[in-house]
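Note that chain A is present in both complexes that follow, paired respectively with chain B and with chain C.
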Partner chain A sequence: MGLGLLALRASRTSLLGRSSSAISRPGFESGNPNFNLVRWIISTPELQKPEAATASEPAAPPPPPPRTPVGGARVHIEKPEDAIEVFVDGYPVKVPKGMTVLQACELAGVDIPRFCYHNRLSIAGNCRMCLVEVEKSPKPVASCAMPALPGMKIKTDTPIAKKAREGVMEFLLMNHPLDCPICDQGGECDLQDQSMAFGSDRGRFTEMKRSVVDKNLGPLVKTVMTRCIQCTRCVRFATEVAGVEDLGMLGRGSGEEIGTYVEKLMSSELSGNVIDICPVGALTSKPFAFKARNWELKGTESIDVTDAVGSNIRIDSRGPEVMRITPRLNEDINEEWISDKTRFCYDGLKRQRLNDPMIRGPDGRFKSVSWRDALAVVAEAAHQVTPEEIVGIAGKLSDAESMMVLKDLLNKMGSNNVWCEGNGMNPQADLRSGYLMNSSISGLEKADVFLLVGTQPRVEAPMVNARICKTIRATKAKVGYIGPPAEFNYDHQHLGSGPQTLQEIAEGRHPFCSALLSAKNPAIIVGAGLFERKDKDAIFSTIESIAKQAKAVRSDWNGLNVLLLNAAQAAALDLGLVPESENALETAKFVYLMGADDVDLEKLPSDAFVVYQGHHGDKGVYRSNVILPSSAFSEKEGTYENTEGCTQQTLPAVPTVGDARDDWKILRALSEVSGLRLNYTTLGGVRTRISTVAPNLVHMDEREPASFSATLAKPETQQKMSKEDFGVAVENFYMTDAITRASKIMAQCSASLLKK
Partner chain B sequence: MAWRGQLSKNLKELRVLFCQSSPASAQTREFVQKNYKDLKTLNPKLPILIRECSGVEPQLWARFDMGVERGFYLEGLTETQIEKVLEEVTKAGATFKG
Partner chain C sequence: MAFTMRAVKVPPNSSSLEEARKRTFDFFRSACRSIPSVMEIYNLYDVTTAAQLRSSIASQIRQNASITNPKVIDMLLFKGMEELNNIVEHAKQRHHIIGQYVVGNEGLVQDVGTKDLRASDFLKKFYSTNYF
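And then the complex of A and B:
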């Protein structure tokens, strides 16, 4: 602690010196926006006797000028009569009725220190760090739990408030270990930061600190429970957001501790988020433990590709290595959470990577060759087959640019058999409303009845599931589910397991119909697993008739949704990656796999020439003749469209492995070698080309709704639904693609969390 | 109207791009609204990609064999003129096949 004290003293003198010299300059206070960041720290001796300090206080100094809300927040007051006026540090602010004192202070630009309060969780009010002084109140009040009342005079910067914070800090640190130098939270710890800003410079506690036994929460979350300050954020997160009641508070007083009641792992696919919300180092990332300090890391704002949600992430890297993945705020998509697969798949980026172009020799072994040789072999093989025998398959993780180039190249070769795995052999790509989540992910919160058809959102898209869970908690919305028995973390009715139930609902014979028909905003969510079924047209037309009866598609609400499985699916359908022939694979002689690993290559003729272009030595490699190494999502700039039709892009965080190249560049080079030159040479050129196919893919970070095609008349299908039950689309949540299958952490998760 | 059935024979892909709300795309939206069902019924295997995106000019793109594409801006054209464009494209496609 000696070092900490020194640092504290040094910062104080420098702060005081800076501000005192600055104040002498006129206009400084209003001119410099950084002024708000400087917190006044009152030297401690006066605070040991607050009564004396208040008594001897000189006449009130002029209040500081009004500040802008914390984080640039804006508040919209719907009815002006519902606004109340409160005074924060002497300045009036208008806030809507029902806001807490803490929120009012935030609007007034005062950031109140807090530990237990989190704006997405319920209010606990147990850490007492947010104490402020309110005029005419005998004691300081916990601002997070106190509603703002009209005319309230809140003081956040008075000696009483400061004394209160200092006292709370002293109590919190009493039982908190002094292991900051070996704590992974160090550098991004709320307790560390706030004790520097608001704490005392010494403690008076001389007894033994208490210690708590660590809990085993599984392979993802490391616990050091002695560091816990009992803020209960993790307990509230687990019950309210993740929807599992695994964590809880045990014991009372100094024996109080967080635990799982009985020895049990945390069985949630969102469990990694407790690492972010824990204000101290009690819950940290197990795979990241002792790997890096947060100030050594370079953050790159990117997009997750392990499912179709497109969660916004920050890739933290050090040198050429991805060290961790953390969420980024996006209210419309993932709020501030990400799934465990998104967060912990990164170690798969370092394993099983393809780093050199390779050709399979006559002995069946791969030999590293130069790019020139590898491309020449591929071009030669492509020339020896007829155009109808050429097939291209894009993988789950492909970006829009590379799929565009793949399609253009194969079209130029004369083949029309290009598709993306997961979309089935007869995809409906004409109308965007037919494969997108039309009510948008955040729009699901408006729904009052959900009908899930052949989809298990908990494993297919945990962030969408979290939205449904949130809606159900808030509005008690009803959920009906048709599909194989599955785990849900909210109340639901299992209506049936196959098309027969769907038929009953369409004909109005099912008891769930009454709920569906009386709903104001019914949301029907169809799983993309149905795309692979032979009778999918019939199923979709039945679902459309249900939507019509339930009035789910109107001008103000489109509740007919498709939940996609993979990051590449939406963009592939937008770009029109549709196979011409349903049996293309059975007759293929030249197959171009662009990261496609889950294609059934058994059907392929044995003399077919297979090119595998991808970043991982996964399933697709076993059958391939040539390997072309490409870059993974963390190493390239690529456009992805998520399941609701929002276009986002990844950015390169780390350099590529070995001699790998970006997918689109490899295909462009191949076009040159095979004499079918494509007329673009830059990423910008590819995007210009995309804008003539699907212009929504160049509108970055925007969601282009399919509002027109939703109402378009479609030809009726002659298909009949089969009796076959709906299947499970995702068998193992933790391992769905090449990256997650290569990941050791994901393997540990599958082993320990999936065993029943 | 016999050419409508020829669409899938001469074309590999038909794309209609327009804005969901702009008045410049109104005629194109109207054309798609009235003709999509008929065209799709006659050419069930042909991808007729309807791509809506705010702010784009209405366009019609046809892809023929071997990756050859032709594009037309439809702004200012009436429904009948758009139909004429499509008919010409379909007939042009026949020459590409040879």
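And then the complex of A and C:
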């Protein structure tokens, strides 16, 4: 209860007497000259004397029927004796010990308003919005910070609780600007919603509002710090999830501000998530500023393809344009966060797009042609070479369907030189455990020692890195890293930079061995950058011997993991996209690039005919003879398998650009034009074909773990490890593929955020 | 003449399918009789012939050949009569006639080539759109 309210009540009693009718009809009281001093602020008269209202309540009404938990929340109580019973609005609910009052209320189906509380962050308890009444407690309690006790009688809908919320709302709105019409959070703002639901309909604030200088947090997050309500969610997110101590609270009282301590940008690859967790419009998306309102947008549930994690995203579009990308909840993969690359790469979908089939004329310039002519030229060129000279390369953003059709088409032409970029020229595709993250992304939380070999998860897969960071914060797990010097946002030991260190660990000569051997659940994570090395087999057999010594592969725990780099890699290996000969590219005469931009085309003979099928005019286009435009991941339905072996699919959010076609349709049409008709004509037909090769790729949203472990009878390798140090797989986190390289925002990020 | 036709009341419904059939033939005959004046009004001599217009009318009537409900046939006949009146009254313009009865549904771009003849259904659809 605010002091002002107390004073008000005191003055009202003295001025107007104790008549309760006077409170509702002040004007009709006697001609007291002082009654103008009384200002009414409370909209609901019965809230004025909550205590009295409670006391005068008739005998307790029968308990309401059970309600369903908020958001379908479920709780698993391991030991029945750990359960306690509390009463929420008269209805009994069983919760495990240690739960807070707020969580108990959620289980009982009551949504408590809150600003500072977030279930993935630590508890701050500073917004006071979640006040509820607890029987026998003298004051309302902050439910987010109060543990539920046995037999507690919680009341969430009483006049006291309502008045408390109304009071908190009034204080929060005191210094909050009234700029909702120009605020980007408008329509999805917690403060807006809750002030409508719980706030008073009038204010009594007449002074000046405070204002705060905006902070520059970089090219992604726009700040309007006057709107900040000091919930400190962003500060807690930065320290606890992103693992960077960039944001903090400065000053006290009304001078309190969120900021970076010195003039500095926010140096995290997860910084975009503060936009989602900010309950008001203080932190909003800079590229999305003033572009659209959230009620104009159409949401499409899709999958991110910029790395191998396959984060669940929602693509918000308006008409033919992708307006923004926001995360979707998936506890097993990305929880509710996504990386900045995922969130802000969408402007790359609008630039540098290929929209017409093109043929390079004799003068070296591209000329737009019809699909009929372009396919005829490609089919003609394919017929003029021998089957061994045909090569097909799938790009890092390819979906499983198009890779299947590419392989089928090339096999029909008589060639088996088809592979996916990033998998190296000699990939191991026989055992799925050899290229998957076997302990699963969420399973990494059980690990107590991490050994990172040639991988920098912070740039290769930020969501996996966030999971490792979470584990380390929770259990103080140890991390050893072998590779070139790299940035980490948690404590780690840099053991060495190359295969020599690996050898030392395998032979038990390294001090880190003791930690590895004493670990209960050791997790070894190998970077997919090693796939490109010549001595790959030797490195992997050394790692396997380390895993054997550390007992990392058991029936109940498989800690030998490969962290892939690209969205297409896992599905390509599942479908058996393995080149027949290691130097196929040097002798190729007909090369089919399906969105492959990072292949080294220098080795290619100069008279080779190159077909580029893709959605962006990127590196691959410079060498190509024919361009076939295809659709990007936001425009097609495609299956992707992530690094842990979970199959997910993208859905079309926007129409295709220009005269582009889906990847698999182009290949299917080409097969017919070249006289090698493939016998499926629908997406369902392609999926049936996939199910005969890799059945796991048609089981959507399911993780299919590897059935055999890698240690199972594998031929001994004769290779020797070279002395060459491990390289860096991802040079620039923000620009890794055709879409992100075309993005202006990603270019700004790499200019301002990457350390020179 | 046309204005007097409009003043005529809607005739009573056909009592049977035979009567509806007879009325359809009557309608076709009256349409055929007005073709020479239509050719004159809209100056169609250099784009089409009377025989082509006749077959165009006949094909539009044949589109509804499967209908057996006399009430529906009466309704379609009424609509056809309205259309005919509008044409004869010069309530339309030349391009309306050309677009609906001379060029037809195929549009101006007609692929008369033989190259797609052996192409499959998939390939034909592929050449026209991504969405099928």
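Keep in mind that, in the parts below, the second predicted complex is superposed on the first by the 693 of 756 C-alpha atoms of A that agree within 3 Å, B and C clash if a C-alpha of one lies under 4 Å from a C-alpha of the other, contacts with A are read in each partner's own complex, and residues count from 1 in each chain.
Quick note on the criterion: a residue touches a chain if its C-beta (ideal position, glycine included) is under 8 Å from a C-beta of that chain, and two chains touch if they have at least 3 such contacts.
It should be emphasised that the depicted structure is a prediction, and the values quoted were computed from it without experimental measurement.
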| item | value |
| --- | --- |
| Fit-or-clash call for chain B and chain C when the two complexes are aligned on chain A | fit |
| Touching partner for A:D701 - first (chain B), second (chain C), both, neither | neither |
| Contacts of A:A660 with chain B and chain C, given as first, second, both or neither | second |
| First (chain B), second (chain C), both or neither touched by A:E245 | neither |
| First (chain B), second (chain C), both or neither touched by A:D82 | neither |
| Touching partner for A:N416 - first (chain B), second (chain C), both, neither | first |
| Chain B versus chain C as contact partner of A:D491, first or second or both or neither | neither |
| Chain B versus chain C as contact partner of A:D574, first or second or both or neither | first |
| Chain C versus chain B, contacts on chain A by residue | B |
| Minimum C-alpha separation between chain B and chain C after superposing on chain A, in Å | 22 |
| Touching both chain C and chain B, counted on chain A across the two superposed complexes | none |
| Chain A - residues contacting chain B, complex | 408, 411-414, 416, 429-432, 574, 576, 578, 580, 691-696, 699, 704-709, 712-715 |
| Interfacial residue positions of chain A with respect to chain C in the complex | 370-372, 631, 656, 660-662, 665, 668-669, 672-673, 677, 681 |
| Residues on chain B engaged by chain A in the complex (per definition of touch) | 12-13, 15, 17-18, 20, 29, 32-33, 36-37, 40-41, 44-45, 47-54, 56, 59, 61, 63, 65-67, 69, 71 |
| Touching residues (chain side chain C, partner chain A) in the complex | 115-116, 119-123, 126-127, 130 |
